[in-house]
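Two complexes come next, and they have one chain in common, chain A, joined by chain B in the first and chain C in the second.
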Partner chain A sequence: MYGEGILKGLGVTLSYLFKKPVTVQYPEEKAPHYPRFRGYEFVWYEDRCTGCASCAKYCPLGTIKIVTNPELQPNVGNKYGLEIFDIDTGRCMFCGLCVEACPYDALFMGSGFERATYTRRSMMVHIDELRLADKQPSAFARPHLHGVEFGERTSLTSPEAGR
Partner chain B sequence: MTLKTEPIIVNIGPQHPSTHGVFRLRILFDGEVIHDVEPVFGYLHRGSEKLAEERTYTQIVTLTDRLDYLAAMSNNLSYCLSVEKLMGIEAPERAKYIRTIMAELMRISSHLMGLGFFLQDLGAFATPLMYMFREREKIMDLFEMASGARITYTYMRPGGVNDDLPPEFMPALRKFADEMPGYIDEYERLLRENEILITRTKGVGVLPRDLAINGSLSGPALRASGVPWDLRKADPYEVYSRVQFDLPVGQIGDNYDRFLVRLEEMRQSLRIVRQCMQQMPAGPFRADLPMLLRPPKGDAYAHVEGPKGELGFYLVSDGSISPYRCAIRAPSFINLSLLKEMLVGWKIADMITIVGSLDFNMGEVDR
Partner chain C sequence: MAVSALATGCQPPGFFDGQNLWHEWVVNFFPRIGDSICRGMGGHADGGPPNWLIYLVLGFLGSLIVVNIAALGVPFVVLLERKLLGRFQNRIGPNRVGPFGLLQPVADALKLMTKEDITPAAADKIVFALAPLAFAIPIILMFAPIPWADHASLANLDIGILWVIAVTTAAEAGIFMAGWSSNNKYSLFGAMRAVALLVSYEIPLVLSLLGVVLLAGTLNLSEIVLDQRFAPNILWQPLGFFVFIIAVSAELNRAPFDQLEAESELVSGFHTEYSGMKWAMVQLGEYAALIGFSAIIATLFLSGWKGPLWIPGYIWLVTKMAFILCAFIWVRATIPRMRIDQIMAFGWKFLLPLSIINIFATAAEVIAFPDALPYWLIPINIAFAGACVVGMAKLLGFQPKTRKIVIPGRPVIGDDTPGRIVPLMRGGN
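What follows is the complex of A and B.
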């Protein structure tokens, strides 16, 4: 019969009338994301960071700017004081290579994704912002964070976050 | 009285929704019939090959994500294989299995998009596309578990993968592999026998076998024309020599065959994924390599069967930290080379479906 194929197809669509929708109503409800999600708000622990600038060198786009000043932190082991640690997230593509490169577990990807801004300049994350930011590290390239639930991962202190 | 008529040139694109990216066609119409076609590329040119010359070997992985952005894992794989060949190393066994699973999931995801948009072009507005988006979303979830991103994965590295599979990955993959065949059946029920689809696609845009071979087409577009050529069988890389799968081929190479070949390929990909899940060994997932690679002088070409066809990277090394030259064989670009032969003589409405059935991606065409 002509039209049989169309009816068959309509049967499929009809069956969906009685199924639960797969979408979520976004601002009220959020789809889950996974521990390794590479997101916004980099997490940076100043006490773990030595200022080695591996992250800056490894970034394909030169997004991270680091200026160290030995005089800021004299006589503290093998560590430089940091004057500038700026991440230009407007250019960052969240590839995670900087996090992978950091040898001291000082830099982590974040877990958030909502940070729309009105200006490009405000996408620049400065050192003070990184110092004060809520620490919600992602488990990307940090396998030791894997078993830690997201709720427990918020505001991890530096010894908890490192290996 | 006789009406005077004359051919007219129409620009289709670059921002026409059915051109799958920023792709422009200058078409000479006589009435509704196509007389001449001139594709215009380059709107999405980002100079990836040139950029690669000033990035280190690991950083280039991020560039490959952005070639065919619907199949980033396959691009990663092709590039990493090329670097490995250049350095004369091999990834550990586990990494090979992980990469094969990823590449096959990517193929399913890319075919879902290809089919969805093809059907959308036919006028099956949004319904099949949204069904396919739903399944693709599950694949995106799997990729997000493993790599942390949903489109630009940057998951593979020369010598393995960035990180081992997380514990939640395998159960989710198993669930997906169990559910997916049902969904593919559903797509078939939805549309395979649909009379409108059949009238619009059967015998339309026929690409004869010899022409397809002469145009060095690859991927589903070639197989739909009846040529059983697949690099996974012809030149097995990774673990394809250890898994069993069939090559679906079409009969005459029309739109309908291209549609069916893609549907069937998704089933075969699932078969490969299932076998890989069984065979996957434990062990290291990344070869012990420094962060900064310095391959010896020389050149290497490695190719994979990407979702759209043969995807190859040719790298020339001068012994420094970045390649001297990087050339990409982009399947979408070469599959478009026969567009004129396929389109001349058809009407404007068929043009949309023929272009859609080729399933190309402008990110890869313009690089």
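What follows is the complex of A and C.
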């Protein structure tokens, strides 16, 4: 039939008029994100990290800087105390090799993404920030995290993150 | 009727007799006010002021109202368009300024007024500055003969339709001035396309109007409205309405005929180089033309200010205009832009013959039934219009949605038929 395509198109746009818009008003409401989403963030569990520096060795860009100090060693066995654990997110390409390399499941990609800054210097994530940050690990390279629930502002403790 | 017969001027004595308050002061608001001012100035009395003075005062007041309808209506039509386009495309549209984004026009106006007014170094400065005026002013003039209610047009011109066509066509000169003086190849492209579009679509536009003129026997817009006392003209003139509404959307440079400002190809065409208030004038002209033509469509085909109830005529007219505006926006949200050669072919090969057929059919009907067309002609007319459109499309070889294309040498595995069915327009299979 002539004009069928036009009528169909008009019908499609008209049906959109009565649908709920797909727009998410970003700063006020946030789209849900999914377990495998790999954000601009790292999650690090200090109680598991042995300071082996595998992550730093595997990083193709030399982004992670680790300085350990035997004197700071807590009285748990086989662990170095960590003095410096710096991740320069300005250089990181978020390949996730460090996460795969970590033998003790201490390092994860995170799910956050709102980390815009004004200077390169502030893109450096220091150890204190890693200690205090909300821990919302991404299930990327850690499939056992699938199905572990975390809400907007909750954090997973180390046992939940599992091995 | 001379031009001096301002429809809102002194009414003949006894005009308001026997009307109740609602009818006198609300339904007949404009003639009532005009009559009061006219008599207050001493019109129709011996030794009163000369007629031209009354005409001047009333004309000035009327123009003030009409120009403001155009100038204040435009921002809100733009807002309506942005809102509706957003919803048609599953978005929200402007909602940041004020409740539901209702103050967006104010914000836009402030932004435009404070913007830097740039003139390109190589532009023809005088023509560049004059072009927006040459574009916007004729379009505002087109509001003069529109009857907003009974006895409520600014100028009750005997040649109302001719006036509207003439001034809106004159606005095209402004487009060409803008395109030429910008000294920019895209603007010039836009202007050339505008002229091509004008030449192609003005003819079916005027010819499709002739059917209405034949039915009413007059060019006066108020009388055309009064003539549609039995049924709106769209029922008597479905073919004319079809051609007219397509030609109007080409005349208004709206999608799918917006080749001359094609944002993605010509960077807005003829007004690429404009900014600040000059750009605002161009925008004002475009959207005022949209408002004006929706009023003309409502007047010519949808029986204008006439409605079945006691609701005032201007409310009816504005309601009908709002419907037409929404339909234009709906079409813009749906149909993609046509190529310039498709537009030309569509105008000359499809619309022009249809409008000529319409004239002859209408003339035959008017000759056969000189007094008034009988109602049983309505279904016949609609069927005739449909047959004409389909027949003309067949004659020109327009394809319905899909067709079979046989691609030799590329059989589909597991299928005996040589070739397969592919949708039309998917090139490079």
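The rule is simple: the second predicted complex is superposed on the first by the 133 of 163 C-alpha atoms of A that agree within 3 Å, B and C clash if a C-alpha of one lies under 4 Å from a C-alpha of the other, contacts with A are read in each partner's own complex, and residues count from 1 in each chain.
Methods note: contacts are C-beta pairs under 8 Å (C-beta built on N, C-alpha and C of every residue); 3 or more make two chains touch, one makes a residue touch a chain.
Quick caveat: nothing in here was measured; it's all calculated off a predicted structure.
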item: Touching partner for A:Ala141 - first (chain B), second (chain C), both, neither; value: first
item: Chain A residues touched by each partner, larger count belonging to chain B or chain C; value: B
item: Contacts of A:Lys19 with chain B and chain C, given as first, second, both or neither; value: second
item: Chain B versus chain C as contact partner of A:Tyr58, first or second or both or neither; value: first
item: Contacts of A:Leu132 with chain B and chain C, given as first, second, both or neither; value: neither
item: Touched partner set for A:His33, first chain B, second chain C, both or neither; value: first
item: First (chain B), second (chain C), both or neither touched by A:Ala116; value: neither
item: Partner chain in contact with A:Gly96 - chain B first, chain C second, else both or neither; value: first
item: Contact residues common to both interfaces of chain A (with chain B and with chain C); value: 2, 4-6, 9, 12-13, 22
item: Touching residues on chain A, where the partner in the complex is chain C; value: 1-2, 4-6, 9-10, 12-14, 16-17, 19, 21-23, 25
item: Complex contacts: residues of chain B adjacent to chain A; value: 55, 58-59, 62-63, 127, 134, 137, 141, 144-149, 152, 154, 162-164, 166-168, 186, 189-198, 291
item: Touch list for chain A against partner chain B, complex; value: 2-6, 8-9, 11-13, 22, 33-38, 58, 60, 93-97, 100-101, 109, 138-141, 143, 146
item: Chain C to chain A touching residues, read off their complex; value: 84, 86-92, 330-331, 333-335, 389-390, 393, 398, 400-401
